[in-house]
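Take a look at these structures.
Both of the next two complexes hold subunit A, though its partner changes from subunit B to subunit C.
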Partner chain A sequence: MKEERFSVGGSPLHRGSVKLKLCGGLLFIPAFAITPSYREALIFLFISLLLTAIARLPLKHVINRLVLANFFSLFLFITLPLTYGGDPFLIWGVPVSKAGFLLGGLIVIKTNGILLALIALLGTSTVSSLGHGLNALGVSDRLTALLLFSYRYIFVIEQEFKRLQRAAKIRGFSPGTNVHTYRTFGYLIGMTMVKSWDQSQRIHDAMVLRGYDGQFFPLTNPSNRSPFDLILFLGLVLASIILTFLGYLG
Partner chain B sequence: MSTLLNLDNVCFSYPHCQPILNNCNFSIGDQRIGLIGSNGSGKTTLLKILVGLLKPQQGRLFHQGSEVTSERDYRKLRKNLGFLFQNSNDQLFSPTVIEDIAFGPLNMGLTQDQARERSLQILKKLDILSLQDQITHRLSGGEKKLVALATVLVMNPRLLLLDEPTNNLDPETREKLTAILRDLEIARIIISHDWDFLTETTDELYSIEHGHLHQCKDGHVHVHQHVHEHGDKPHHHS
Partner chain C sequence: MHISEGVLSLPVLATGGTITFFSTMYGLKKLDYDKIMTVAMFSSAFFVASFIHIPLGPGSVHLLLSGIVGLILGWAAFPAILAALFLQALLFQYGGLAVIGVNTVIIAAPAVILGLFFRPWLVQPGKKRFIASGAAGFFSIFFSSLLMAAALIATDAGFAKAALLLVAWSIPVSILEGVITISIVKFLATVQPEILFFSENSK
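Up next is the complex of A and B:
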């Protein structure tokens, strides 16, 4: 969850304009998701792979992410052929639906492709710059602030919880299936919430002392849009539109 | 000496507790004050009343001679004060250091460029320019403290209120903080249990006892350690 592992790097995608990456991604990913046919899906997948290559991401970590997501699609890939209707064929005497098999395959391609595109387009920016990008695209100040604050304090809250958990552990607490365990976890979670509430009050105080009166003015980075950004954006838009048309009409 | 802040017979108590400030009188202009007292004696409460995070239940607070009552008065007052919290995590809420430091100047109505410029200046002054793009929650405790000080100094306060600034600092950062505060010519109230630190960064010493503020008269009391040839034997000091 926590480390922004893919956000560090020197590729054009890391340096690129967050706004354009967000816009391009917002069109590309739904278009990929709704495409009905294999041919277009494979082209989409190819584009995703290309983006991953441009981003020069650490392969090992990317594969780790994909493995995690594929547990889910593997489950679909196994159950769909067995449950989907249509004309069946036999594998080791078991009737398997061809349509289900093909659908499962399509889902696997889409899952991996969309994940790769997400990592390459959005994972290459920090959460903070994504927040500002969304803000620049018209997401309200309040929602942007909410996103940035959640991200800033989720670690602090996690640390707080772990600290309490350790405190319980060194006093001999080992979780089991009993009322004592449930009660202790109740206390830990309750205590974490109380502490977080207190802290949010102190943070609000700190903000008020520095002149905050309900309006949030984030410091924005000077925009550094390069030709690459525009080409990438136009490429994603064109690919999405053309492939969607081909998928439904061709 | 012109008086910046003035407390007139201020009382304050938390629910179900003894009064923590009891007819407290105090004024500060451009002094450098150290504030001592045992835990729970009301030191932090006093600072919070001075900045308006807590309101006096009795008595009055004056800012440059006029009484502070409305939220607008408090807003004006807070522009002159810089409050450094005990826990830097409460103070650094923006994703990156530079954004956090620019938060105050932007609230004061500066443009993006001016805010950035001023934030960079203060980082340079504190010799932490290299931290500008760091993610705030990944800083070390010492770095967080210095950045938090920068977020306060960037507002050009006339009075600094520091709540136990040397707590949990390693000796190196403590030295750095001491040097910075020693060279700054801003009035201050510093709460601390760190005597050597107070000796270096303040000129007067006050203590809070039983809800009252007393100035410790005989110069600046301080304690320090040194090798003593009779240290391990019972002996008398003349």
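Up next is the complex of A and C:
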């Protein structure tokens, strides 16, 4: 599991203020998502590509991520032209719905554009700084704590599960489509839960011992706002508003 | 079980966002600080489940585990699943930010409702526990696929056939999830039953 792959780098987006990136992203991404037409979607896509270039993201990894994340939109892109109905045209003798084809294409553009913006804006920060940024923007202490602790446990649980899975494999467990396999997986997951449960109690005790009462005190200095951050933020806000208006009225 | 970005319309996204907002607030209100660590643990278990590939016929599917999360956490499953989906969007670009509200409702709403409905049976040993865990595992996935289809059809009636394909595909996955949920609960009941009683002593 390769996590936070994009959070390391020296681009202006990596150094930028998390709060402004979050605010800009939380406006830009929904605006992109609800664009009804190709013209605005392509401008949004162009901005996303620009952000990706500014963030100087490793292209190979970005493409890998996009390929994995595209299963759902690809499913729609394949099924919609065949099932959407409306005006058909023929490809190799198969009637294909024009409206379905166009809608599928728009969805593919939006999915990929939004993911690029998501990686460039939020992927360039670490989860912990995003957690504290969300907290500063008004997300409750409890939800922030839940988010940060979940993040912390992912690796613990994943390692624990992999360890048990390896042990099962060494003992000759070969998964197949049968009840024995499913029962074994159930027990492996159950065992992972038992171990993680015990560990979560220990971590909780350790934190209470150190004075944890539900509040976090981030050790990083949050006030590193540069002119670039403000320009980026205003640019995202303006682009979102103008393109949304154009999309719905123009 | 994630709808990707750019598929749904504004009213659907807004409805999902609103339901998630209020349900999460309610779920957090019922959750005291002592429990956050454990809820976070289930949240990451849910996250990791999407990397566990289980063989099914010629291919494999990944688990969701929302049934067991709902059974054990009750209302707290809403914030737990929201947190996990946020991390999945951030770290692996599964789902996304604008659709996170809808995706949370799709996965968490059936989990919470089935959890509240079947929990009285979960804490009783024997046949009732078996039925509760199997039904929660099966129906959590099946209802999620129905909600997913509803979100797609509400966006555009042209999605209807594609949505039906998704529901049909979810049936074998639901059966698998039901069988696995039964074994997890059976295991927990034998090894560490207090996990099953998690929500009972939180009042």
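The rule is short, and it goes like this: the second predicted complex is superposed on the first by the 231 of 250 C-alpha atoms of A that agree within 3 Å, B and C clash if a C-alpha of one lies under 4 Å from a C-alpha of the other, contacts with A are read in each partner's own complex, and residues count from 1 in each chain.
Simple rule for what comes next: a contact is a pair of C-beta atoms (placed from the backbone, for glycine too) under 8 Å apart; a residue touches a chain by one contact, two chains touch by 3 or more.
Worth saying up front: this structure is predicted, and the values here are computed from it rather than measured.
Student: If you tally the residues of subunit A touched by each partner, is the higher count for subunit B or for subunit C?
Tutor: The partner with more contacted residues on subunit A is C.
Student: Once the structures are superposed on A, label A:L49 by its partner contacts, choosing first (subunit B), second (subunit C), both or neither.
Tutor: In the superposition, A:L49 touches no partner, neither subunit B nor subunit C.
Student: For A:I203, using the defined touch cut-off, is the partner it touches subunit B, subunit C, both, or neither? Pick first, second, both or neither.
Tutor: In the superposition, A:I203 touches subunit B and subunit C alike.
Student: Looking at the overlay, does A:I242 come into contact with subunit B only (first), subunit C only (second), both, or neither?
Tutor: neither
Student: Which of the two partners, first being subunit B and second being subunit C, lies in contact with A:Y151: first, second, both, or neither?
Tutor: Both partners.
Student: Touching A:V127 in the superposition: subunit B (first), subunit C (second), both, neither?
Tutor: Touch status of A:V127: both partners.
Student: Using the touch definition from the top, say if A:F217 reaches subunit B (first), subunit C (second), both or neither.
Tutor: Touch status of A:F217: first partner only.
Student: Considering only the touch criterion stated at the top, classify A:R65 as touching first (subunit B), second (subunit C), both, or neither.
Tutor: Second partner only.
Student: Which parts of subunit A are in contact with subunit B and also with subunit C?
Tutor: Common interface on subunit A, subunit B vs subunit C: 127, 149, 151-153, 156, 199, 203, 207, 213.
Student: If we count contacts the way the header does, which residues on subunit A are in touch with subunit B in the complex?
Tutor: Residue list for subunit A touching subunit B: 126-128, 131, 148-149, 151-153, 155-156, 199, 202-203, 205-213, 217-220.
Student: Using the touch definition up top, name the residues of subunit C that touch subunit A in the complex.
Tutor: Its residues touching subunit A are 2-10, 13, 24, 28, 31, 33-34, 36-45, 47-49, 51-52, 54-57, 63, 65, 79-80, 82-84, 86-87, 89-94, 96-99, 156, 158-162, 165, 176, 179-188, 191-192, 195.
Student: Using the touch definition up top, name the residues of subunit B that touch subunit A in the complex.
Tutor: Answer in residue numbers: 51, 53, 75, 78-79, 81, 83, 85, 87, 89-91, 93-96, 98-99, 102-104, 106-108, 112, 115-116, 135-137, 151-152, 155.
Student: Taking the complex as given, what residues does subunit A use to touch subunit C?
Tutor: Within the complex, subunit A touches subunit C at residues 1, 3-4, 25-26, 29-30, 32-34, 65-66, 68-70, 72-73, 75-76, 79-80, 83-86, 97, 99-100, 103, 106-107, 109-111, 113-115, 118-119, 122-123, 127, 130, 140, 142-143, 145-147, 149-154, 156-158, 161, 175-177, 179, 181-187, 189-194, 196-197, 199-201, 203-204, 207, 213-214.
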